[in-house]
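Each of the next two complexes has chain A plus one more chain, namely chain B in the first and chain C in the second.
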Partner chain A sequence: MSLGDRLAGFAARAAAPPAIDARRATLGVVVAFLAPALLVYAGFTVYPVLRTFYNAFHTIKPHNVVEFAGLGNFTTLLFADPVFWKAVSNTALFTVVATIVDVAGGLLLALCLFVRAPLAPVLRVVWFTPVLMSYVVVGILWVWIFDYDWGLANATLRWLGLGAYEQSWLGQPSTALWSVLVAHEWKWLGFNMIVFLAALHALPSEVLGAAELDNCGWLAKLVHIIAPMLRPTIVNLLVLSFVGKMMVFDLIWVMTGGGPLWSTETVSTYVYKRAFEWNTFDLGYPSAIAVLWFVIILAFVMLMTRLLRQRDKLEF
Partner chain B sequence: MRRVVVVGLVLLAVLLAAAPAARAQEVTLEVWSHEADEPAKVAFRELAARNLEKSHPGVKVKITWYEKNPLFAALKTALPAGKGPDVFYLEPDQTEYITAGYIIPLDDLVNWNNIEPWARKVWTHNGKTYGIPQEAYTVELYYNKDALKKLGIDLPANAQFTQAQFLDVVKKARAAGMTPISQGVGDRPYPGAYIAAEALLRKLGPDDYQKLFTGKLSFADPRVVEVLKWVKELVDAGAYPKNFMTLKLGESHYYFYSKPGALMLPMGSFYTGRAFVPEDKGGQPVTFPLGIMQFPAMDRGACNECKTSTIGASFAINAASKQKQLAAEFLNAMSTPEMGKMWIETVYLQTGIKADVKNFTGPHAAYFTELMERQKGEKYFIGQPRDMVTGECKDAFAQVLNSGFPGGLLTVDQTVQMMNKSCYKGQ
Partner chain C sequence: MPALASLGERVRRVPLVLFVLLYTVVTGGPLLWVATMSLRTTAEIFKDPYGLPSPAHWEKFADAWFKSNYHTYFWNSAIVVVCAVALVTVIGAMAAHCLARYGFRGSRLVRFLILSGLILPPQLLILALFQILLDIDLYNTLTGLVIVYVATHIAVTVYILEGFFAQIPQDLFDAARMDGYSDFEIFWRVTVPIGAPALFTAVTLNFIVMWNEFLFAVVLLTDDDKRTLPLGIMHFTGSHQLDVGMAATGLMIAIVPIIVLYAFFSETMIKGMTAGAVR
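And now, the complex of A and B:
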């Protein structure tokens, strides 16, 4: 480098504005940048959560008259509210089944695409498209599909000569929750599929190639190589799926409203009904349900992450 | 850079200073209303708003249109926070707004000379009136005249079958491959109970009927059980559509007069709001042979001439409103005799507003004449079960009497047990 070039470089550096160093920012600047986001978070997340906890131990009367209820709301809930327990059992069933199907089904679909099954590009679009729809649209669509008279489900059964099995899918307590589950899976499998597909493509090809060289069969490869390497993804999806299912509301609300005879009532739909459809302004009792459910979800999430935590880090 | 910031701040200050001045010139009255999907009612209320704006320069009436459930969810969060509109839609069963003090008595604010006294009574609690009763309706049993003729059945002169005859009508319709009663509970907590409730009213008479739904009469009462057994016979005879559980209120109308067609439709006389719109917008065909019959007479019924009448759409004033007088002016603007006449002529529905119906004209005049014919000699019971039940009983009513029982999921014994558990409080 010539002297001229050096001088030119020095002059350019001297003329350039000083580089921004976040570590040198004053407290005022940091606060100014963080405040808007923190205010929104505090106003729309922290305060409602704290207020819900507060409400749970009180009876809320009109015009901000609040009476301390102690554990009264919780004891009523636990010992004198059969609908709550019905909602708990429905939610538990929905959560367990949907979480397993979500994760296992998503993995299977992703594997289909990963091994380049015939029509894979088309299938990827077909399987993922429902994820882009809102639950309301999906709910309305599936209510039509399950309609007794003109729905696709019964029409297909009739076409197959299985007319004896046609029924009111959403109108029978024995089939309603399962029908909603089908609609849910139709919408949600594609999401897990995409996540798994991304994880599969990120796997080291040398490891998979080495397994093939060792004449490892596809099932052994899946069980002993792919699944362990996907473990963090599987755990994350299990936890996410579990939390989502425990709070299921919109699809149920659109498709059945919790009926027939509370057979699809979930904890979330029950909270909504107690808060807005019981001729009362008391948010204490519904808040108690929400708080109790929050604690249960939190406990299960902690348990799941503890049980499924990977103790030995895989290196590849 | 600093100069740009200074200029921006100055501009902002000017804008903020100017805003109150602009607001001072125009007062906005906020109204939240349900029934966005009923064009005639939308037009009616918007006209009242424009009329008020004309008579009160500088006033702007802003109506926000909601569906029912989102409206009440919004109100139940806004009102406790001291917010919400000046005027809002309400129905008489929502007494919690009165007990909570979120709406104000209108006795000294509104011109009650234009309101029917019986309609005002529905909104009167402890001597004070809290709502303007705009929409009034009776519970009617609509039917397809041609379809009934096709079954070879003649309507009795008093337009009322006995309970045995009615069961026979249902069986004949089903045997002819026709859905006897178009009804669905997909989006409402009450239509499935129409047949049972009307039968109970006629069997028990008004006093015991009221006791039943206010927890003072047991569902195990032999008369109640007798009615439920008759309803169960109807259900078992296939009275309702197979998609009863998911069929929505609007769809049940279309099911009745268009596809696939049904013999009868029990419905509030607000039927017209959906049926009397153009056919391409889901209304009934112009040539549809619509008839109205009375609900069947019960054997040994205490009041077979009884009929349910009630108030639907009403409007109340938010206790937190800063312009209560103006809000009352809007209620008055919706309640003039001219507006009452317009309501009947365009919505084709009864109203709590005093209106001269003798001059009634319009394309559906014949319908209204028949509707009035069916009111002759009737004794009205004001209010529906859902106006009387609250809390757990309301939920049980929606799930059991409205849905599970007519849906064929429950026996009479189970129904009695479940209703009593949630509703009966003893003598």
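And now, the complex of A and C:
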């Protein structure tokens, strides 16, 4: 509740006799409004989360066979599962690179339109199109683009006379993760562009005008004036992008299924495989992975917001 | 000399224009490529992958729609998404109205509980949801998927709506109360009409996200007859591995409705998709 609301509430309470205070409600009314949402939420979000935490400390076999495992799942995970660590390093690499590309690329595209590139209003709409496509569509499309024989990627290289650099992009461990990353950025850059563009248009024009008068170069203007003023947006997108990438599943699943040779295995695809594809028939172990990963994501988000927001306070 | 200045200005803009053009080709090119492939046979595509569709094989669309299960996938998606969006909008709006309008004990706790759903990874829910739906016999049913979609989208719906509802001037509610409106009438006849833009934004966002949703659907549905569109496309492409032309037609059936909607409602869809990120 914002301060304004609270003040409005106090004002209403002071001005009107209690009988017609619209801010007050009987318990029955509050329950009636909240109950549907809270019941569904409790049953199909809160309870599953608690059950996942419970599962993480057990071995869950089919037909409701449950055995207590203590910290066993976690010790196996941390000390005896090379695939998990491969998945962690892939996810970390993917997250760091994709988050940086998301924010830097989105800002670059937004600036292009902000300085009135021709047809900017049309391009803004066109560049956003991939954001609306499902990962399945994007994934299949990019599998074709990366096809060795007739895909756009190799065809473009051949056309540029760089036929020597033809690759089996998704078929070899050295390029697979990077290729999926390209497809991922193709889908998401437009999103970041739109958010930055909205923030740019909300900047006070006097400040930019003053920089213009001071004959400030555009790079200096970007680094010293625009970037600091966009800080809240940048922090927001960094966190949003980070969380999204740490959970990346769909695109990997459609494009490579985690292969070849674990080279695109991420934590999320590994959770899915351990739960539904491996013959271990145990939901406890993948639950432990999901729990551990959630704790790590939460810790990083708190760290990022704290670090980045504190500098805000120092500056202003 | 203004003419010279503008010439210099123009030269400086050449790299910008080239870059903008390149990125537009990168964004639109692949989509146009699928569009041409969807109208050509696989033999034509393998002879020349980048040729134009002449003659255009429109009949491929009818084939994909009727001869495979595409129409089933499409209607499954439509039923699930329409039901889930309607439900989540109604119960989300009620909760958001309650949190934005009434001061009551525990309101901060309820708000925190609901909004913490914004940061829950689906992986943390999916295995337990699989067990729970099995327990209550809703595994592999569209009803089960609808309930899961509603539950997992309450947080974002309340987040969008409460922010907007809280800005509606209190005077309106005081006046309505003095006119003798009941609590429910206040919600229905004041909050809902005035909050319509926010409701529209929430509906758009949830619609697009659910229409494209893959992870919950792939875990919670198994029968071919129950598949939603993303699962159907995946299955269709998988079973037409070598028939790229037909697979492209299948892909295009998924792309076209979104492009058509986007052509008419581009600003609404942009606003909806970025509602959580733009302040």
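Everything below uses one rule, namely that the second predicted complex is superposed on the first by the 283 of 316 C-alpha atoms of A that agree within 3 Å, B and C clash if a C-alpha of one lies under 4 Å from a C-alpha of the other, contacts with A are read in each partner's own complex, and residues count from 1 in each chain.
We adopt the following convention: a residue touches a chain if its C-beta (ideal position, glycine included) is under 8 Å from a C-beta of that chain, and two chains touch if they have at least 3 such contacts.
Keep in mind the model is a prediction, meaning the values are calculated, not measured.
J.: Based on the superposition on chain A, does the combination of chain B and chain C result in a clash or a fit?
T.: Partners clash after overlay.
J.: Counting only touches as set out at the top, which of chain B and chain C does A:123 meet: first, second, both, neither?
T.: second
J.: Looking at A:168 after the superposition, I want to know if it touches chain B, chain C, both of them or none. Which is it: first, second, both, neither?
T.: In the superposed model, A:168 contacts chain B only, not chain C.
J.: Looking at chain A, does chain C or chain B touch more of its residues?
T.: Here the partner covering more residues of chain A is C.
J.: Between chain B (first) and chain C (second), which, if any, makes contact with A:72: first, second, both or neither?
T.: Neither partner.
J.: Touch check for A:40: first (chain B), second (chain C), both, or neither?
T.: second
J.: Is A:275 touching anything from chain B or chain C once the two structures are fitted on A? First, second, both or neither.
T.: A:275 sits against chain B and chain C alike.
J.: Do chain B and chain C touch any of the same residues on chain A, and if so, which?
T.: Residues 60, 275-276 of chain A touch both chain B and chain C.
J.: Which bits of chain C are touching chain A when the two form their complex?
T.: Chain C reaches chain A through residues 13, 16-17, 19-20, 23-24, 26-31, 33-34, 45-46, 49-50, 90-92, 94-95, 97-104, 110, 113-114, 117, 119-125, 127-132, 147-148, 150-152, 154-155, 158, 166, 169-171, 173-174, 176-178, 183-184, 186-187, 208, 211-215, 218-219, 229-231, 233-234, 237, 244, 247, 251, 254-255, 258-259, 262, 266, 269-270, 273-274, 276-279.
J.: Please name which positions on chain B make contact with chain A in the complex.
T.: These residues of chain B touch chain A: 69, 72-73, 76, 79-80, 93-96, 99-102, 185-187, 241-246, 260, 390-392, 394-395, 398-400, 403-404, 407, 409-410.
J.: Show me the residue ranges of chain A that touch chain B in the complex, using the header's touch definition.
T.: Within the complex, chain A touches chain B at residues 60-64, 83, 143, 146-149, 151, 168, 170-173, 257, 259-262, 273, 275-281.
J.: Can you list the chain A residues touching chain C in their complex?
T.: Residues of chain A touching chain C: 1-2, 5, 8-9, 11-12, 16, 20-25, 27, 29-30, 32-34, 36-38, 40-41, 43-49, 51-52, 55, 60, 109, 112-113, 115, 117-118, 123, 125-137, 140-142, 144-145, 150, 152, 155, 186, 190-191, 194-195, 198-199, 232-233, 236-237, 240, 243, 246-247, 249-250, 253-254, 267-268, 271-272, 275-276, 283, 286-287, 290-291, 293-294, 297-298, 301.
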